[in-house]
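Here the chain labels run A, B and C in written order, and each chain numbers its own residues starting at 1.
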Amino acid sequence: MKTYIAKRLGYMFITLFIVVSITFFLMQYLPGTPFTNPEKLSVEQLEVMNEKYGLNKPVAIQYLNYLCDLARGDLGISYQYEGRSVNEILGERIGPSVLIGSQALIFGAIVGLLLGIISALKHNSFLDYGSVTIAVLGMSIPSFVFAALLQYYVGVKLGWLPAALWEGYENTIMPSLALSVTVIATVARFIRTEMLEVLGQDYIVTARAKGLSEKAVVFKHIIRNAIIPVVTMLGPLAVAIMTGTLVIEKIFTVPGLGEQFTKSILVNDYSVIMGVTLMYSALFIAIVFIVDILYGLIDPRISIKGEV
Amino acid sequence: MSSLKQEVEDDLFVRAPLEEKVLEDFAEEPVTFWNEAWRRLKKNRGSLLGLITIIFLSLMALFGPVISNHSFDDQDLALSNLPPKIEGLGWLGFDGRDVNGKDQYEAREVTSNFWFGTDEFGRDLWTRVWKATQISLFIAIVAAVLDLIIGVVYGGISGFFGGRVDGFLQRIIEVLIGIPNLIVIILFILILEPGITSIILAMVITGWVGMARVVRGQILQLKGQEYVLAARTLGTSNVKIIWKHLLPNVMGAIIITLMFTIPTAIFFEAFLSFIGLGLQPPLASLGVLIEDGYKSMRFFSFKLLFPAIVISAVMISFNLLGDGLRDALDPKMRK
Amino acid sequence: MSKYVMIKLFMLFTLVGLVLTGCNFSSSKDTTSENDENSKTTKAKQVLNMVEASEIPTMDSSLAHDNVSFTVLSNVNEGLYRLGKASEPELAMAKDDQVSEDGLVHTYTIRDANWSNGDPVTAADFVFAWQRVFKETGQYGSMFETANILNASEIVTGEKQADTLGVKALDEKTLEVTLTTPNALLGQLLTFPTFLPQNQKFVESQGEKYALEADNLLYNGPFILSEWKHDASWKYQKNTKYWDADTVKLDEVNVFVVKEAATQLNLYDTNKVDSINLSSASVDQYKDDKDFITLADSEIFFLRFNHNHKALGNKNIRRAIDMSWDKQAHVDRILNNGSLALYGLVPKNFSTSPTGKDFRELNGELNHGDIKEAQAYLAKGLKEIGQDSVDITLTVSAVEGNDKTAEYLKNQLEKNLPQVKIKLKLVPVEQRYELESALEYEMVISAWGPDYIDPMTYIGMWVTKGSANRMDYSNPKYDALVKNISSEEDTTKRYEMMLEAEKMLFEDAAIAPLYQRGLAVLQRSTINGLVRHPSGPDFSFKWTEIDAE
């Protein structure tokens, strides 16, 4: 187990290093300058600016400098907000993203589980069809369309929740809801399939045959066994939520990482792009890692011995 | 071994006579894997509906732009922002009236009907929606097929040869999996000029990994099966084993993965359009149309409605068909 | 075992979420909700809620280079002059402006005014701030050149040190500014935020932190920045220590950062904000609303031609392109937001002559022809370069709906000029600037917002090798004329020369103007005196008042 974790940590490190390097060199090919409003900049001024930010040095030197700073935990200075450090910007931004992301994940997982369980237990009933319909619709409507509709109907027409801005807890509800749609759909479909499979297993027949109450069979055997693999969905779900935040945060004006990322790529803020990329990758790698470890802990059938 | 071989003489074997009765047992046309799959698929109403919808949408994508007499880039500002109107379908909302109930066709003395309305350039949205469907499907299918080719080759090699080759290729995949594909795609599109080719390329760059993993897993599993062992013992060449024995059996998994890759690619393209990295005008994909429609959804809701319905229909039908195919092709479910 | 792990996982996520966000919410919502309740009482609450499409890039006046920063800076600080209600320069921190006979030395007496920490505003604060622009390589160092301030050009090119700049503090309250040539525009230019004062002691005590947060700043203007939540909102509060505090009616201005136009509209509809700019797509819905107004802005959009291109180097072809398309239909139906068709370089309602006439009115519509004329010019031009047809790539970036303009332009040009084929090339805005500067384009949709309120901000762009030229346009006669305008002291003569220069530019059909930007605004009718400026800051809140309904 220990060697396994050490090995995985090693891979995580290599992956991160590769991500940083690829992003850094891709950035060299990004068209345009990172300076806002270059329309009014003269050639001389551009040169001065490049020197100020060290952009006139050879790429290799810039790369080494970046790596050195990174090793010290310094992500550099933003270009679009003069003088503000990327660490500070990301520090402010990660909170809202994690909040709506985790709310969406928790809410989506609970609702998805309920829908999936109900539809599997009431297989081929109207409840089943209803849940399946919700799940399929959730997967087939682009999240930004759903978010826009939600904002207009719930926020403006009904006025139940604030349409946008980031001022209090009620502002987090609609973005989280919009994000959770994909989670609900994915989890519900997954659970339904798993449950149907478990229902056909011999041990369920055995459990029934030995006279266990239906309640005990459902809770102790069916649901428990079907839920375990949901943990493996965490990785793909985290990705779905990350993707979602890019557009949802923009629509609901959530000051989060996703919104910052889309903005930074459009204005060539190199250091912020690098910072967000690194952050997303680290988050993603960590989730995948945790899922693998958790899965080994939860499911006694899987043992971790060096190789998976 | 060699001495043993010499001792085995041909006359040690005697051909058993073929009995009539045994022959009769084989007379019936053998139920092939594909026949069986098709039979099962037909039983699944949902996936059949999905298949029909896909065929319908593909036909519309091909012929829809042709039957309306408008080109997707015909501008006429006198016809801008007309609501949808279809003769005889007024009760369904296709009555040419805007949000305020004013008949725009009457007010502007427009005689020809636009089934899905027009955009601000006066371009026929019916034509544009189907043209966009065509482009979106094209992007998705090409991306999926490229994923498939790279993925099958990579996964196939990795799974079939195993050992060191597999270990090496898997280490690469492990690293690639850790890179958030979203970010790589966005960076690539920024560097390449936005357009159909760069969107496809960007999606393939990260997309093939999933397919490669599926194929490798399947091959590893099949490789150990008795019939492959038997074929190998009989001295069948590697190529023939892959072609004759492994590939047909991996096909199911590949098709299922493909069915789920296509809608994901369509969604991704829509998403890229929304954050401003879409196609070059005047070309439009469903994502571009939805993004346009979103901006004016309050007053010209039809601009959002039709492309959104089409994209949802595409997503639903591919998902339904994918689900059905999984049930039909999954050997575990075959009894 | 599994149950516990799941529960722990659940708790972990919730906890992480709560801890990380605990400090992110604000109290500003209280004020807005109170505002809704109190709006019906006799005296309206003096609170204004606005939106802005971007965060404040910087609050350091030496570095500021965009309208959001300019707007905030001009409302919380004050220079020698400020833009008045009619966007005319009026004395602000300066009590008076004495000019020497040769017009080269201006002596300003600084008013009795204080910074928000109680320190008096002194002449030295100006000297420090102005020199600092060069030490910090601010992007608007060129404004000092435009103002003709002594040694500014040499400092920009690096020949001289920043402390040789022609500005001196004679005593605590007397500032002397020396020019190289007299400048009729000086008062106008001094309203620009780059010329704002900074308190040396404070700036130095803050070090690298200066201007990064609301607390790292000093204010001497009508408002103070009381709260600045990055990328979410900021809040102005009335500055009670402001010398003219009696004029200021508003107690508070909240500004929210909202990028999506649709979201802005939703916030307006739910009474969270009081004034928004409508996107073209929503104009039809609101054009009969009592709160709806359209305003002509002074940003111009135009086609830059690469004058080195074989076909586009020909002025008849350029003129044909300019004349061949329907500019009026474009602003009416595609933009649909109060933008005006533009047949010239200087926009409408921007500058008035000494005789009180609008620049545009005096010069009329230049190169306004019909399709027939356009086709004739094209035929002539094609003959001159010896080609039957011409393929042109039009570079455009998708900002301000320019991608729509390009789609329309392509369709119009190809329809009306059958020998012309247009290929669109959509690029991010940053890349467009780079391509423009490197002259790696054939035809590009560009924009230009004025730096100061005088036609020269447009006319000066086109001198040979000028940094805003970016299309290798060169006309020695034009260069000479522009040079003479800069040193001409007689305002009437100067104005005539500027009119002449514009005509010269269009004689060459150097550029093809597209439109003058307009704003479709949805604004509560209770808002009074919200001043919009054509250049520099977008708004002044100094004179704004909320009426009772």
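Everything below uses one rule, namely that a residue touches a chain if its C-beta (ideal position, glycine included) is under 8 Å from a C-beta of that chain, and two chains touch if they have at least 3 such contacts.
Computed from a predicted model, the values in this text were never measured in an experiment.
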### Message
As a test of understanding: of all chains, whose mean C-alpha position lies farthest from that of chain A?
### Response
C
## Note on the structure
A student comparing B-C to A-B should find more C-beta pairs in contact for A-B
### Centre distance in Å when chain A and chain C are each reduced to the mean of their C-alpha atoms
38
### Query
In whole angstrom, what separates the CA-based centres of chain B and chain C?
48
## Note on the structure
Whole-angstrom distance, CA centroid of chain A to CA centroid of chain B, is 24
## Note on the structure
Two or more other chains are touched by the chain A residues 31, 148, 152, 250, 266
### Task
For chain B, jot down the residues that touch at least 2 other chains.
190, 276, 294, 297-298
## Note on the structure
Going by residue number, chain C touches two or more other chains at 262, 427-428
### Query
What residues of chain C sit close enough to touch chain A in their complex?
1-2, 5-6, 9-10, 13-14, 16-18, 20-21, 23-26, 28-29, 55, 57-58, 60, 63, 65-66, 137, 139-142, 156-158, 208, 211-212, 229-233, 256-260, 262-263, 266-267, 269-270, 272, 427-435, 437, 447-448, 451, 467-468
### Message
Show me the residue ranges of chain B that touch chain C in the complex, using the header's touch definition.
### Response
73, 75, 77, 80-81, 99, 120-121, 190, 193-194, 276, 280-282, 294-300
### Message
For a test of understanding, state which residues of chain B touch chain A in their complex under the given definition.
### Response
174-175, 177-184, 186-188, 190-191, 263, 267, 270-271, 274-276, 287, 290, 294, 297-298, 304, 308, 311-316, 319-320
### Interface residues, chain A side, partner chain C - complex
31-45, 48-49, 52, 80-84, 89, 92-96, 98-99, 102-103, 105-106, 148, 151-152, 155-156, 159, 162-169, 224, 227-228, 250-253, 255, 259-260, 263, 266-268, 294, 297-299
### Task
Please give the residue numbers of chain A that touch chain B in the complex, ascending.
11-12, 14-16, 18-19, 22-23, 26-27, 29-31, 136-137, 139-142, 144-145, 148, 152, 239, 242-243, 246-247, 250, 261-262, 265-266, 277, 280-281, 284-285, 288
